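The two complexes that follow have chain A in common; it is paired with chain B in the first and with chain C in the second.
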Partner chain A sequence: MAGSLARINLYHATGIATLLVLPFLLDSIGMAFYVNMIFLALMYGIAALAWNLMMGYTGLFSLGHAVFFGVGSYTVAILALYYNVTPWVGLILAGVTAGLLGLVLSPPLLRLRSHWFTLATIALGEIFRLSFAHWDYVGGSSGLQMPISERRLYYLQFTGATIYSYIALGVLAVELIVLWRIVNSRIGFYLQTIREDELVAQTLGINTFKYKTIALAISAFFTGIAGGLYTVRFRYVDPFALFDLITISTYIAVAGIIGGIYTFLGPLIGSFIFIPVSEYVRANIVQAFPRIYGLHVTVLGVILLVISLFAPEGILGYLKKRREKR
Partner chain B sequence: MKPLLEVVNVYKRFGGVVALKGVSLTVMPGERVGLIGPNGAGKTTLFNVISGIYQPDEGKVIYRGVDITKWPPHKRSRAGIARTFQIVRPLANMSVLDNVTVGALMKRSDIEEARKIAYEAIRIAGLEGKEDVLAKDLNLVEKKRLELARALATDPQLLLLDEIAAGLRPREVDSLVDTLLNVSRRGITIIMVEHVMRAVMNFAERIIVLHFGEKIAEGDPREVANNKLVVEAYLGIGVG
Partner chain C sequence: MDPEILTSAILDGLLIGGAYALVAMGLAMIWGVMEIINFAHGDFMMLGALFTFFLFTSAGLDPIISALISFAPIFALGVIVQRGVINKILDAPLLTQIAATFAILLIIRYGVQAAFGPYTRRLVSGYSDIYINLGFTTVPLPKVIIFVTSLIVLGLLYVLLHQTDLGIAIRATSQDRRVAQLMGINVSRIYDVTFGIGVGVAAIGGGLIALFYPIFPEMGGFFALIAFIAVVLGGFGSVYGAYAGGLIIGIAESVSALFIEPALKDVVAFLIFIMIILVKPTGLFGRGD
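The block that comes next holds the complex of A and B.
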């Protein structure tokens, strides 16, 4: 036991050190493309970890996390553009707005079970996409551009992705601590009980609606901050990129599933595998076969198929199982 | 002494089927009650009404003098009503210890404290040594005992056991009854729905018989076993 703990800690230490050094290192040797990849993996990883509080821990399969992600993005943009609020504050408020939205959406959403819940989340994403596309205050279908200003630190305007990666790392660190404490508390036990058997949960005194709402709100909170990071990094928000079923909702879920939903860190690992692969495939396949539209998505699909065949419990789940067998 | 539980004139219908037709019963604190009846008599439905999974169409459920008919299940378990399920419902991907710890967390939020209660409940239920096994890897007897341990960990006053002896061998039944008598001695009131006569006869001090949703007999085990209506309900008229 002590040995395996020490080994886990060594893995963790290596991971943390790599994440801390890598953006700076890649940047200094001029590999900006890869720094951006790290930023994206962190951004999706933050969202996927949050998503998994619902999926892996509570058994709620959402394909609508683009809603919380997008609302977080817009929150940062609107606050900066209309109210001159610095994105430093905007990022936190992105989480608060998304979390509140999660609370508001809980009563109708959580009435639905299993696949009906999932279908409703997909529908919700479409509703938000179309509503934002027709809402003038948020820029309609052309979206919003972040203000360009001399106050670079105030508006978080930096060249390249390096500094953004470190900001994302900071967010990730806070998220990991918060989620770790939650899943190891009474709430974590209750969420897993709900996942396994909602009726049993009720007979054990658990107010299942209340705890599912808590999971949804916390999940939405961190997903909203991930969305805020998007705005900070790319300085432009539009409804089609942000409320997208594939590149936001599904990518978040895929990162979680590839990494392993029944593990704590799985979704983060999954994001660091899936996002670089998808970026690499997109950059190279599209360049090589510019006339076959959507080929890179097909290639991604094949990769997913292979993973689902050989490691159905996800990468981290697979490694965990192999270690237990030994 | 005031009754712990009163079921008053309860009706429950499913479409055209009337599962409970005006059932009333009273259970005193510390009692060991057996609830028997042929398949489809309404025993499990009655348990579901008492534990709050179903709302009765008519009638009342009164617990410790309070009308709890409208209470949701989680509120009833917090008030001290625990149950096991006829078809065992282990939290499959969680260890035995975690399964039982969830029950213990109902009345305390500290994990370590809850673990201590869980170990004790596991010991009483006779599952010692299985703490780290995943619930899905237990055999049927062990799963039944897990149901019991989880219910006990909630520190109940009233325990509803739904066919906990079904599918067990005679020797396993006897040892389970011993366990249950121990639980009863701790002052926990138990209502047992059971087909296995060996379990009911050795456990219950009073037996209630349901037949087609109606109470047809009530009394001590020997009385009930010799009751003409009960024999007819079980064996059909004309036999014996």
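The block that comes next holds the complex of A and C.
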């Protein structure tokens, strides 16, 4: 059966083994910068896989996933700061809050199609950014800082990114299993029918709104957990970093598009290609030309343009197409 | 409420609406003829503002004349973008079209930030402090200028689209691309001109907005969203509808600012946006797409 996990091949096994060994290995030889890079690639990868349940499988291009990401981040921070809830639980609740938000937002959002959906998600991100910046309970525009605590395991405070990488790997494993089951189930096929032609889907008796809502809620759930990982790693949340159109919403989308939106693992691969490139550009080019602002985002734009003109199916999609041709 | 305050708020909104209308008309024209949603539209507007600023500060040219001149380079840039990018994605899946025009947005917005810095610039000219006294209220001259210009541009676009051969060819292409091609119209040329005029008009808007609005690389984002609202209000693709839409949003915004905290004014604008595309996705004057 297509839904079984037994189809793990040599590539997958190598990938899993590498991901398991690499953070520990890099950490032990003192390359903390690269461990952090892996953590970021995992965090964005989790969000990009979730985003792609809407984009690649349902045909809804969201440029507002920062909303779910940010709400997840704030959930972990607020629970830990105000209610002393451990982020171990907070991470799950981050997903739940974001997922519920997805449910609440779905009646208005999912009535929209194509570019109107995309535009509305951009506007939604702006609404959340401006509202959180003016909301005192969540720290307003200065955000919330998580204090350093003695109870390190309880508050998930570790030096470096290594342990966080393994936590992210755990989340990723759960996400991959859940998403794989969904996209190979009846729901997944319904979603792809909606993507191809919503009218046909309705004619076939598919309750398109119901299945789009399911996709949005699950997508929001895992994006929220990715946001929660941001909080435990960086211990600081603020509305301008978290509800950002570029560094959150667009990064997630670009990771997905680079990897290939019509493939299952594409967004994860895309994240592992794009995040290191972006981090490299940020760390080296921006450091070399500190007075040239915005250069890394310009590079991001060029990458996105080249991909959409010459390989709109993404890297994994391109490889798949080439293999099928032979 | 004091009727005079309300009247002056409506008047102020109407004048600002002229600025929104200038940006929105080009967007509507591009959508109407090419069926492309130009996500980078606000950033062409920002380029117009920046160009005007530099012409004014380094060449000492009158800012209004500079704003009008800015049409030319942005038109040329529009033609280049149309040939290099838009033309290649006309038949691509919608997701690719969104991604590509969004990529242009990123390149322009952050390319400008990289080239000229993330600073906010202010164009302080002789026009800045002049107010016109209307008896019950005073209105700043720059806003009157932008409103009058928007009316002139609207008239020029009408003449272009209805009285010239080029305009007839543009309208024919927008009705049916293939038939237009069969009639001997060079469709690709029409698209060049349409995209060029669309972003060029936005650039004029940007240049004139700079008379009273700070210039910074990300300024286009707000105006683009406003322009999208105007286009939706006006029914997709209708230049005249988009013009009316721009005026309506200007008025709605400045009247609502009387009742809510000004800092949250933008939140209201975006909420209105989402509401409109929900309630009346074909627009107030829409032909039902």
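By definition in this document, the second predicted complex is superposed on the first by the 309 of 326 C-alpha atoms of A that agree within 3 Å, B and C clash if a C-alpha of one lies under 4 Å from a C-alpha of the other, contacts with A are read in each partner's own complex, and residues count from 1 in each chain.
Simple rule for what comes next: contacts are C-beta pairs under 8 Å (C-beta built on N, C-alpha and C of every residue); 3 or more make two chains touch, one makes a residue touch a chain.
Just so we're clear, the structure is a prediction, and the values are computed from it rather than from any experiment.
Between chain B and chain C, C contacts the larger number of chain A residues.
Once chain A of one complex is fitted onto chain A of the other, the partner contacts of A:I292 are limited to chain C, with no touch recorded for chain B. When the shared chain is aligned, no partner comes close enough to touch A:G30: not chain B, not chain C. In the superposition on chain A, A:P312 makes contact with chain C only, while chain B stays out of contact range. When both complexes are overlaid on chain A, the residue A:L199 reaches chain B alone and has no touch with chain C.
In the overlay built on the shared chain, the residue A:N207 is in contact with chain B alone; chain C does not reach it. Residues of chain B that touch chain A in their complex: 51-53, 72-74, 77-78, 82-83, 85, 89, 91-94, 98, 101-103, 105-106, 109, 111, 114, 150, 154. Across the interface of their complex, chain C is touched by residues 55, 59, 61, 63, 108, 111-112, 114-116, 118-120, 122-124, 126-127, 130-131, 134, 245-246, 250, 253, 257, 261, 291-295, 297-298, 300-302, 304-305, 307-309, 312 of chain A. Within the complex formed with chain B, the chain A residues making contact are 184-186, 189-190, 192-193, 196-197, 199-208, 262. Residue ranges on chain C touching chain A, taken from their complex, read 37, 85, 88-89, 92-100, 102-107, 109-114, 117-118, 217, 221, 225, 228, 232, 261, 263-264, 266-267, 270-271, 273-274, 277-278, 281.
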